[in-house]
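The structure's right below; bear with me while I get my questions together.
Chain nomenclature is as follows: A, B and C, assigned in order of appearance, with residue numbering initiated at 1 for each chain independently.
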Amino acid sequence: MKSLAQALSVARKDLAIELRTKESINAAGAFAVVILLLFSFAFDPGADATREIGGGLLWLVFAFAGALIFNRGFARELPNDCLDTLLSSAVSGASLLLGKSFANLLMLLAVEFLSLFVFGIFYDVRWWLRPLELAALCVLATWGISVIGAVFGALTVNLRLRELMLPVIIYPLLIPLLIAAIEITNALFSNRPLGSYELLWGRVLLVFDIVFTALAMALAETILVN
Amino acid sequence: MPQAIELDRLWKFYGDYPALRDLSLNIAQGACCALLGRNGAGKTTLLRILAGLSPFQRGTVRVCGESPRSEKARRLNGFLGHGIGVYEDLSGLENLTFFARVAGIERPASASAHWLERVGLARAASMPVRQFSRGMRQRLALARAFLHAPSVLLLDEPFTALDDRAIAMLTELLTEARRRGATLVLSTHQLREALAIASHVALIENGRLCYAGERTGDMLEDPALLYRLYTKLGAA
Amino acid sequence: MRDKFVVALAVAAGVLLAFNLYRIFLVLPDEALQGAIYRIIFFHVPAAITGMIGYFAALLLSLAYLSFGNFRYDSLAASVVEVSVVFSVVNIVTGSIWARVIWGIWWTWDYRLTSALVCVLIFSGYLMLRRAIDEPTQRARLSAALCVFGCIDVVIVWKSIEWFRTQHPGPVLSIRTGGGRIDPAMEQMLYLNFAAILMIAIALVLIRTRQEATAREIDSLRRIANAA
């Protein structure tokens, strides 16, 4: 499908730039590690209770680090009027948003992997016990975050208060997704079987992803062309 | 004669303020239209609407028979705005390959290499644009705009800030584009260069079209003629 | 004509509210289990419902703007959101006071209060976005897009937080009148005060809409002056 190919080209271009400059990943990765460190002063890192809230800790770290990545996402199109060039090219608005979401997804997954590693060491949590389920959860939840990040990164790109507005707008919207991810992660870290309660949250994740991806595609032109 | 661009009673508002008022203009395929007018007249606004970068509120706009945001129009147009439209952190080759790929060109990498050769940047192919000189950036921008052989070229003050080499290259590319039947719309303050290649002229003031017609010999001799005749400004 | 209608509406709302206040504080007896504080329900619940109606109306108005491009829809949407946020805050504050008197704590993580808070945050973001964009057409389009996202998210937020708070293992606090059916006199009062609050809300929306239109007119005059 042509739109998909265009989206992948956009993602590939963004990742090429990111691999060369490493701006977003370095900033987001460092930020994640710092927050994990700060949390260690807020909670007793070794206690059993920490294992119960580990999911919450991690997904907050991912959300905060994500904002740094999403800010850069469309901001890197501003110099030299590259955004205008892209919008007037054969790439449709929906493909552009999709491509940016793919790039956000991969960058945030990289930061998440780093964070999990550091988290396991700092907090003595064995996060690798259920790798496939954890991977599936991370991809599903991170996709939702990435789409919202791409949409509102585009929406706020020309605003003077972009760095402030983006987190303020996206965090309340992400609450259902974060709750779902946290609940499932807590179950996985405690090595509990995924019961009907966790599967309910899995469905919430799926609905969130589908609804907001569709909405993003539908409103892409409205948001990008103004 | 098929019309490449058709504007019918176009109005563009910023809130309640009309930036473009009741603009009706047809540009035939193969024509080269110079868009004249002082700063703030609406030239850039009009070009952006044609390029699909700006919505409009009333009237109709057709580029190659379709809406400017349609896939066909965007595929066929080439836009050169004020910015050079290339990524600083990628090399010249990577930039062109990306734009070639999204334009659907077969073998994007070799097409890009060919164009780099054409604009004299072959030796700098793997150098990041960040390290380019100003003249090199201008030439890369030209390559990016002409790479996919657009049928409709929309150029916003293309001669501004170009060095001589780039001006010569641009003129050559424009002539070649006209030869293959492309339609050109260029806004400009450089009256002489533009009028030399233009077949038609459109003058905009305060968002209104004051004059539209063929470029005559009078205009070549006295480029400020139109401003004197049709606007309230007097001599430009 | 329109101004007369707004004034008439405001006066009518004021009269009804005065009448309601008289009945609430001087006529109705105390509730059996909660005492005097239960009267807060006559403000808490109507404010909540007015807020939710407002958010739903804002969704429709935003979709109307995106479809038709008429600025009237944008002005209305912005005004409705602003007034709805105010009433949601009233809802949250009255809920908080109620919790303080009944349970001794200023905040309970009751799912309705929490969801109301999230709604306030989402639509505060909308209001902040509007303030950050100067150009009216861009402001209208982008805030309409945000409103659509926000309103659809509100649905998911409400259900999610409800499931989180009611199905999550652990203690759950809930604000309800102490069980049993509501007394018919109280129920009637609830509807009457809901009517008064809704009328106030509509009057505020109309006043605010006029301000938005005037601001747009000023913006265009400024552009005309700059262009000359």
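In this section, a contact is a pair of C-beta atoms (placed from the backbone, for glycine too) under 8 Å apart; a residue touches a chain by one contact, two chains touch by 3 or more.
Given the structure is predicted, the values throughout are model-derived calculations rather than measurements.
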Inset, instruction - Determine, using the mean of C-alpha atoms as each chain's centre, which chain is farthest from chain C. - result: B
Inset, instruction - Select the chain whose centre, defined as the mean of its C-alpha atoms, is least distant from the mean of all protein C-alpha atoms. - result: A
Inset, instruction - Would you kindly tell me how far, in whole Å, the mean C-alpha position of chain C lies from that of chain B? - result: 49
Legend entry - Whole-Å gap between the CA centroids of chain A and chain B: 38
Legend entry - Whole-Å separation of chain centres (CA-atom averages), chain A against chain C: 31
Inset, instruction - Can you tell me which residues of chain C touch two or more of the remaining chains? - result: 137, 141
Legend entry - Contacts with 2+ other chains: residues of chain A: 226
Inset, instruction - Specify, in ascending order, the residues of chain B that touch 2 or more different other chains. - result: 55
Legend entry - Contacting residues of chain A [partner chain B, same complex]: 2, 6, 9-10, 13, 16-17, 20-21, 76, 79-82, 84-92, 221, 225-226
Legend entry - Contacting residues of chain C [partner chain A, same complex]: 66, 118, 121-122, 124-125, 128-129, 132-133, 137-138, 141-142, 144-146, 148-150, 152-153, 156-157, 159-161, 163-164, 167-168
Inset, instruction - Enumerate the contact residues on chain C facing chain B in the complex. - result: 69, 71, 135-137, 141, 216-217, 219-220, 223-224, 227
Inset, instruction - Sort out for me which residues of chain B touch chain C in the complex. - result: 13-17, 40, 55, 57, 206
Legend entry - In the complex, chain A residues that touch chain C: 151-152, 155-156, 158-161, 165, 168-169, 171-173, 175-176, 179-180, 183, 197, 200, 204, 207-208, 211-212, 215, 219, 222-223, 226
